[in-house]
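Reviewing the structure listed below.
Chain lettering (A, B, C and D) follows the sequence in which the chains are written, and residue indices restart at 1 in each chain.
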Amino acid sequence: MKELMVIYHEEPKLRTPILVEGLPGVGNVGKLAAEHLIMKLKAKKFASIYSKHFPPQVLIGNDGVIRLVSNDLYYHKTKSGSDIIILSGDYQGISQEGQYDISHEILDIFERYKGKRIYTLGGWSVGKLVNQPRVLGATTTLPLVKELKAVGVEFSKDEPAGGIVGAAGLLLGLGQLRNIEAACLMGETSGYFSDPKSAQAILEILGKLIGVKIDFTELEQHSKEIDDLTASLNDMKPPTVKPDELKYIG
Amino acid sequence: MKELMVIYHEEPKLRTPILVEGLPGVGNVGKLAAEHLIMKLKAKKFASIYSKHFPPQVLIGNDGVIRLVSNDLYYHKTKSGSDIIILSGDYQGISQEGQYDISHEILDIFERYKGKRIYTLGGWSVGKLVNQPRVLGATTTLPLVKELKAVGVEFSKDEPAGGIVGAAGLLLGLGQLRNIEAACLMGETSGYFSDPKSAQAILEILGKLIGVKIDFTELEQHSKEIDDLTASLNDMKPPTVKPDELKYIG
Amino acid sequence: MKELMVIYHEEPKLRTPILVEGLPGVGNVGKLAAEHLIMKLKAKKFASIYSKHFPPQVLIGNDGVIRLVSNDLYYHKTKSGSDIIILSGDYQGISQEGQYDISHEILDIFERYKGKRIYTLGGWSVGKLVNQPRVLGATTTLPLVKELKAVGVEFSKDEPAGGIVGAAGLLLGLGQLRNIEAACLMGETSGYFSDPKSAQAILEILGKLIGVKIDFTELEQHSKEIDDLTASLNDMKPPTVKPDELKYIG
Amino acid sequence: MKELMVIYHEEPKLRTPILVEGLPGVGNVGKLAAEHLIMKLKAKKFASIYSKHFPPQVLIGNDGVIRLVSNDLYYHKTKSGSDIIILSGDYQGISQEGQYDISHEILDIFERYKGKRIYTLGGWSVGKLVNQPRVLGATTTLPLVKELKAVGVEFSKDEPAGGIVGAAGLLLGLGQLRNIEAACLMGETSGYFSDPKSAQAILEILGKLIGVKIDFTELEQHSKEIDDLTASLNDMKPPTVKPDELKYIG
């Protein structure tokens, strides 16, 4: 089998697009952010990436129809300036070698669309509850560092120790070798659960960077639910929220 | 070495065959069902698939002659309508990447025989003893959902959570990408032992779908043995069945 | 890198050779037997197989000079009849997929030399001390079963359960697919330590099969040392043998 | 993706260069030694090796700019005789198969530069504190053993048992198959922490072998810090050194 299959549902014409990546990872921050962006921009799925480096698994829709696990690309056309491609999906590559293959494929697609810049989104675990998550950055070039600082991204000499692993790191690392400008936005998170507050923090910064105004109603509501639950747990009383309000947790 | 070797013992002419897959998995349900069907239809082995993605192992027959572990294809010619191909075997691929390779190969063979539809058989573990196992379904298309519901297959919004893994899932997922109609029948099972009752439940449904009448004498007898054993264990008395009546267990 | 490299130190002309394989495994039986045979026949190394499927490791000789871990082929020319190739080595392939690749390569070499038959040697663990190890067999054809029974090989319907894994099994399994006659001789062993008694048992049978008379002085001495040690341990007294008499143990 | 990418920052003309390898390993001895040599010789990075066999990870510089993890080659031109190439890096290959691929690539580069000899540096763990670390050797040829003994390298029949694993071993093992002269210098180390004293011991020998005088101020200072810390721990009193003096530890 080919390592990877890319199936195009549509081949949109895009103007020097910006790629935003958010896949499962620490605190699910990147994926939460990417999916919120897809929903709010009504971005349209145009390509699916299937790979033997994803688990051999199908998911079952509510209608009983399956789909093979994948990574998916969505596009959103802007009035002026760069169009936006958003990458999200069910899994990252299960092997370390596979993660390299998949990131290379994504960069190939990005270059075919004459993409301009990549933003990868992720969480950065601090191991304790965070009230006001900071957004840390890392980039492929020094001018980009300056640009990110101007919109509130922090750069910290010792954080995150160990650098960035997975797609959020590889798209930068392999992108740099191809002379593609790329930056990673990392939202501070406890890492204990899926963290909508951290996702919102990076989207607030990303909105400024890509010139898009984002409504945060749903993320704010989920954050509030989690805050309430955390408060309840701290009070040693059973939580009062209903189970299906918690679908983002875990 | 080639990843896979397919050896044809015979090249039968088959009329728009239906593929039924049953390999080792949860409760051994799929494999029990496929092997019962092979026995009852006196289906004939026509091809064997060998792969470096199976364990490096030979099994020894009662006559002292070995055979390399494999997946095998059997055929049964019907009087009218579609002929039947049954796939069973010793193992599923040991690596997740290997499982993709093997499922692709099976679909290649299926397409060469101008196959019409695929049914994959599996178990779905509920973690407790089941008296009347339900049969859950998942398919590649919406019309197929309707067709399965008409013969008693249940579709449940939250079951099985996590979807379907292994060959039973991949043949649907990769089949869907090739526009092959496919459905999975999952028999409810405790998952504690090899479960002939669950295998019978899916075969009763499958028989209606492929227009074949199946005798269940052997499966019913094995189910009874297991029921007796379970009852004995529940009574906290040592089981009275003889060890070799239990060969299906474990 | 190529998966495998075969380096020929010499390209001997061999008459319809018989291949005897003995690599590390249960009780080290196969390797002990093969190395004893190499020593006693003064067989000459003519080819070395290196592979990325072996550990990334060099061994250091007493003179300080290293060698990369390998599998090695030795030959012995007989006065009449078939010449003998003996395969031994430091390791079996570390991955299951790698074991398939290596066994295929060995069969390729065997076929290039127009080999006649393969004997693989191994141990078969019974989990308790064995005084008179039986030799069990498994073959690729029914006539070979008969031939082996005639020289004292036992065939037991339920032993070894689980078949044969590793090179000793694969050379039979893949050989069968290439129509190569092959048999495995398995010496009963506790599996607790390197077992010279079991190695001798299979060599006594093998000697008859390949028409070679083998002197067993060294193996018998090692067996005696182990028997003495075992007796000492059973007496609950500290063993009286000196440490470097035990180099075969462990 | 290609398994490996080599990016040349510069293509220096080098005179029959000697390659010195020091990558992460036991006691970090090889890497400490290689990095000290790079610093002291002001060696210049001329090539970087990226591979899917390294972790999918980027590291973040103090300026916020990332780099993909890699192995790197540095050169130092000497006044007369052989120039020097030094190899160091963030990781060794994560899979055993990958380590073979990377070592082959390094040998390819070495041969393209018409390299003359390879020295690999490593630690050899004795599991207890060592005051005067010995330097053990292993080579690809007997004359090299003699040459190394002349400068104080010890060769010990039973040490290190198990040979040499990883790049320090493979460059010798695969080099030997290509007729490349190579030797490994192993510094005795407890293996409990990053060991500058052992690194210095091998550099003192290496300096004689490659005709380079090396200043050891920094390594000696780090050794002293560790000695002080060890003494403090032995006295059962809390250590008096400040945390950031210990950056080499762990």
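Odds and ends about this structure:
Everything that follows uses one rule, which is that contacts are C-beta pairs under 8 Å (C-beta built on N, C-alpha and C of every residue); 3 or more make two chains touch, one makes a residue touch a chain.
What you are looking at is a predicted structure, and each value in this text was computed from that prediction instead of being measured.
The minimum number of touch steps linking chain A to chain D comes to 1.
Centroid analysis (C-alpha atoms only) places C farthest from chain A.
Of all residue numbers used where chain A meets chain B, under half belong to both copies. The two sides are thus made of different residues. One simple way to say how far apart two chains are is to compare their mean CA positions; for chain B and chain D this gives 54 Å. Averaging Cα coordinates per chain places chain C and chain D 38 Å apart. Shown for chain B are the residues that touch two or more other chains, of which there are none.
Interfaces, counted as pairs of touching chains, are A-B, A-D, B-C, C-D. Residues 93, 96-97, 99-101, 103-104, 137-142, 145, 148, 155, 157, 160, 162-167, 169-170, 172-174, 176-177, 184 of chain A are the ones that touch chain D when the two sit in their complex. Only residues 1, 5, 7, 50, 52-53, 55-60, 62-69, 94-95, 98 of chain C touch chain D when the two sit together in their complex.
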